[in-house]
Amino acid sequence: MIASSFEYFAPTSVDEALALLSEHGDDAKILAGGHSLIPAMKLRLAEPAVLIDIQRVEGLKGVSESDGTLVIGALTTHHELESSNLVNQKVPILAQTAGEIGDVQVRNKGTIGGSLSHADPAADWPATILALDADLKIVGSGGERVIKATDFFEELYTTALEADEILTEVHVAVPAENTTGSYLKLHQVASGFALTGVAVVLTKSGDICENIAVGITGVSDVPYRASEVESALAGRALTADNIAAAAEKAADGVDILEDIHASEAYRSNLAKVYTRRAIEGAAS
Amino acid sequence: MATMAGPSRLIGAPIKRREDPRLVQGLSHYVDDIKLVNTLHCTFLRSDYAHADIKSIDTEAAENLSGVVKVITGSDIAGKVGSIPCAAEIEGLKVPDHPALAVGRVRFVGEPIAAVVATDPYVARDALDLIEVEYDELPAVVDLDAAIESDSTVIYDEFDDNIAFTMPLDAGDVDAAFAEADHVVSQRFVNQRLIPNSIEPRGVLAEYLPGEGTLTVWSSTQVPHHLKTILSLLLDLPEQLVRVIAPEVGGGFGSKLNVYPEEAVVAYLATQLRKPVKWIEKRSEGFTTTIHGRDQVDYVDMAVKNDGTITALRAKLLANMGAYHQLLTPIIPVLTYLMMPGAYKIPNIKLELIGVFTNKMATDAYRGAGRPEATHIIERMVDLAAQKLGMDAKEIRFKNFPQPDEFPLEMATGVTYDSGNYQMSFNKALDTVDYASLRARQAELRGQGRYMGIGIATYAEICGMGPSVGVAGGGWESSTVRIERTGKVTVLTGVSPHGQGQETSFAQIVADEYGISIDDIVIIHGDTGRQPQGIGTFGSRATAVGGAALIIATQQVKEKMAQIAAHMLEANADDLVFEDGNIFVQGSPDSAVTFADVAATAHVAVNLPPEVEPGLEATHFFEPSNFTYPFGAHISIVEVDPETGEIDLQRYVAVDDCGNIINPLLVDGQVHGGIAQGLGQAMYEGAVYDENGQLLTGSFMDYAIPKATQVPRFETEHTTTPSPVNPLGVKGVGEAGTIASSPCLVNAVVDALSPFGITDIDMPMTPNRVWQAIQDAQ
Amino acid sequence: MKIKADYTVSAHREKVWEHLTDADLLSQSIPGCEELKAAGNDTYEATIKVGVAGIKGTYKGTVTLENMQPPSAYRLIVEGKSTIGFLKGACDFRLEEVNSGETKVELAGELTVGGKLARVGQRIIGSAAKMTIGQFFKQINKLVTTDTDS
Amino acid sequence: MNKSRKQINTTINGEDYTHEVEPRLLLVHYLREVAGLTGTHVGCETSLCGACTAIVDGQAVKTCTMLAVQADGAEITTIEGLAQDGELHPIQEGFWERHGLQCGFCTPGMIVAAHQLLERNPNPSEDEIRHGLEGNFCRCTGYQHIVDAVQYAAEKMQG
């Protein structure tokens, strides 16, 4: 309940934050909404010597549209994404995903950037961000770079972010008219994290699946794109049989998590069933 | 009774709670809200091991931390703080020494080893990380079946095995009944370990005044009087100088019906340091070291005839005590043993109850305490028998209920059910759900490949904990009624409510009896300095025993008032009526004296009838003649998703008979909360230890208590069969919902999955477990 | 918790053996190893910062190598404790030369954790262990190949 | 340690507070121990139970998962700030009228969460109420009377 002592800094600009990060290196942690970090600190599972609170950094909040792309500031809260008219109109799966995270109080405070950077293997955002093929803007002392979501999640709780970098923006291309999405999740009943969460982004041409992206969280150490499912369905008719056959591949080639809440076999089953249902949901 | 009460205005009415204004504004005081000047903060270092010898404890670095006042270990308090007591008296019971801080050996994860006192709770926490403990790990005893095998590690050197006690029963002729049975059904049940998790954690604040020699302890407890007595014994202080206050208590569910090491250590530290000392439990501590509930493995056989008559029951009950006995640990499974027949007349019963030590936290009273286990066993067995006979789950129950005119009914287990009409409550439940059409709907859905299930649990339970012969530490309750000089009424009760609402229901009882406004009555509880004697609130006893004590004390004072009023009115006391704040001769309300005038007269004491002493106060100790036996019928409707194992709970109907009802609003609240906790056991909750005795469900991240989205709307109904064992005719309702709901839900899910050939499923029925059961059946 | 895994290292078996059993090389390969000093009998006192991302704990304890059968097999025993709990592992390593110049290392063992780590971390301990072992072999492979190249 | 203490300014229930605090001080401890407002409770350590819910800059938050330093400059409303001039807030009244509490420990957080819910959705369905209160545990009531209480308040607040 009581964290270890730390030095606290509240920079107001990205540059200031980066300078602090360079100065304190591995000893420092970035504090965004705090809803992953503070619980870990209270249990003393995490004991950073320095906390860099970026809440007061200008320009990292909110959603805007520019050239067919939604630009989401890293400090945008789950609640803001859930309730934003722009998001609900342009990329409703983002709002839908946000609404599945934690509870109201957590969504009020937790941020998309914080969640993605923390990379919990059962967090919701990674599935959807992968399915939307988002770009992530990262700044560091060496400058700015943009990487694909598919290159972002590396290992358990480990991302492509270097120690001196901060995720600043998430870029999501506004999908075409004939594209629909669906995020479907089975909650671990205690924590609310995903036992399995499946995000599907589907582009239809008539009854044919023109393009499909499936992001899955909760099933493996690292959230992943179910590429076997995608290739099994792309270019085919969206019949119940085709969808079911493709969804059977949802856990192919994946190292599946096992814990007291769900066995490996059960998670594998959930991945398939939820993938099928999410595709059906997106296709209907 | 000489005097007449006015028309009953409040008993039976849904009066809103008088407790609530302070609570909804955040203005009440739980232990942690009480701030005394110069308070020191205590925190405990706890064992990471389930079973280990302590080689050394190095506290030096912690002691040197700025702000740390004191660090103590088990050896520092040996001989100064007594062993944590167990009140159970069971023949042959092994009672191990239970030091407040471990000495030499630890026996469960979370066992306290050292206490740190600091000027600031943050510093106290920092100090914990500076204490070095060296352990020699020992094999941990975790599995109940394995613990009683001859090759098991034995937890106590002084005992031969891990068996804490055995209790046999052989009533009737069980062997003959099984020999003559048309069918025998057998099943092993696991009644999983639960963690109570009241939302307010435990907490203690103790202050010692050396001049006066008085120790005052504020504790989040259900039993302040027991705590007072036991603390005086543990610390060797005169009992009269120890005062325990249970301030606002944020839920207990049995978990605070106890005396814990932390209470003893904090009180001891206060006497030594001569400053107030406070400890507030962290949730993670609550998970490991506040008592757990249930944890039985039961092997059961039932003999039935072709017509559905149950002729015999045979069972071996393994009950997990954990590593030490807490206050009532061994008693809890005895309630299972006593209530094995449930709502059915079963003449032949053979039982073997075995209490088993393991390297886990102690079990003890958790809402329902032994009866949910019994009800689970009998209600599941009845369904299994019906399934085997091809009989409807409804019919087999009617077949085996006793008739209403058979009560009081002595059962084969030795208890006597006070009153009952099981047919009435069950019929009401069946009518409410329209049972026949439900079965038709189920058949229709099965045709569509959908798995709907109807679950029934009819139950009888034991509560109203008393008489004293059946309750460790006493089964009576005490109440004092005092009418102040101004005519305001003070009630002092020995019960110690922590959410049950007796400040309201008890005031209803008194207001009706005196014909005065409820606003003129104050109910004081939870303070041994103000109400000198009492037992406490547990086992759905507060109204059945404490309310009974109250009504009698109320009437005793009323008789005296009537004498004084009769003297004032020059009338006969027998003719007086108490109504609307006045006392008058029946039929002559115009020539009345006010209730307040009579109170003033009693205290001014210059115009009293001869032989009448001044003052208006009476104390009554009520000793009930028997327990009470509430009953009822719960029905639930579920649909199971066979692909994922998810359960959709669509409807839950509860018909409970708790005797007379004082306040239906409070009764519904108790039933709702009870069902939610039973539902938690059925669907979500379960303490999981690994093979080394590590608790894997040590936080709300892994241990699920039901959330608002995870429970349905409950439909509650009642029938009323008064109890003959107390003057209010009440039975108690705090646990009924918990007792009936878990078997009701398991029966529903098993019913839904019966097309797969599934006959039983363990709790909690998580999606994974349900899905796995379907896989295994296919 | 059972641990079962295999890794292929791009070096001959003797070379891999050497890297897996030499204190200096081990200390360079064990992720988060801050100190590893010999305490006799193939036992080492170690200080290791283990964990994932921000959730790291510093464990002090011992690393013992047993049943040494160079260059094909040994048993590794790790015991450590920190303020958030303890961990104990015993793992059998089998080295087998596959193809030419490649060695397959098979691991089979048990890991137990206790204390707060077990209570709140059960969801991720298995994955974290797997990841840590993976990082260890990645580093071994790197050291071995650097060594070979030089 | 003093060098790292930070001064924070907050407005709590309309009153201004200024204190120097350790950065690790949790907001809930600031409210309870420094500002003396003990209506906000601590029920768990893992940001799940919601007993510590207060409103910070218009958002219901779990004050056990926020540092006091993060609240510098914030406007905070706790349970103690809801009743006005001795009149219960309609949500408090609803909890009283509909028996929405038993032990009362979760109640302040529950009421504050309900406050946020009704602000965003003045006429919620039962389902929406249950979802809106998912971050607040109650072990006593089974939630049904809490739902009823929020419905009572919703009706009353809409006039």
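Letters A, B, C and D mark the chains in the order given here, with residues in each chain numbered from 1 onward.
By definition in this document, contacts are C-beta pairs under 8 Å (C-beta built on N, C-alpha and C of every residue); 3 or more make two chains touch, one makes a residue touch a chain.
No experiment lies behind these values; they were computed from the predicted model shown.
When the C-beta contacts at A-D and at B-D are tallied, the pair with the greater total is B-D. Note: centroid distance subunit B to subunit D, computed from Cα atoms, is 29 Å. For the pair subunit A and subunit C, the distance between mean C-alpha positions equals 32 Å.
Subunit C and subunit D have centres, each the mean of its CA atoms, that are 48 Å apart. Annotation for subunit B: residues 122, 129, 282-284, 696-697, 699-702 touch two or more other chains. Under the contact definition stated at the top, the residues of subunit D that touch 2 or more other chains are 22, 24, 42, 45-46, 48, 134, 136.
Residues of subunit A in contact with at least two other chains: 1-2, 4-5, 43-44, 190-191, 260-261. Which chains touch which is summed up as A-B, A-C, A-D, B-C, B-D. Of all residues in subunit A, only 1-2, 4-5, 43-44, 186, 189-191, 195, 260-263, 265-266, 269-270, 273-274 touch subunit B in the complex they form. Residues 121-122, 125-126, 129, 282-284, 643-646, 684, 688, 696-697, 700-704, 710, 766-768, 771-772, 775 of subunit B are the ones touching subunit A in the complex.
Against subunit B, the residues of subunit C that register as touching in their complex are 81, 83, 85-86, 112-116, 118-120, 122-123. On the side of subunit C, the complex with subunit A involves touching residues 51-57, 83-84, 116, 120-124, 126-128, 130-131, 134. Within the complex, the subunit D residues that touch subunit A are 1, 4, 6, 22-24, 26, 42, 45-48, 50, 53, 59-62, 64-67, 69-70, 72, 113, 116-117, 120, 132, 134-136.
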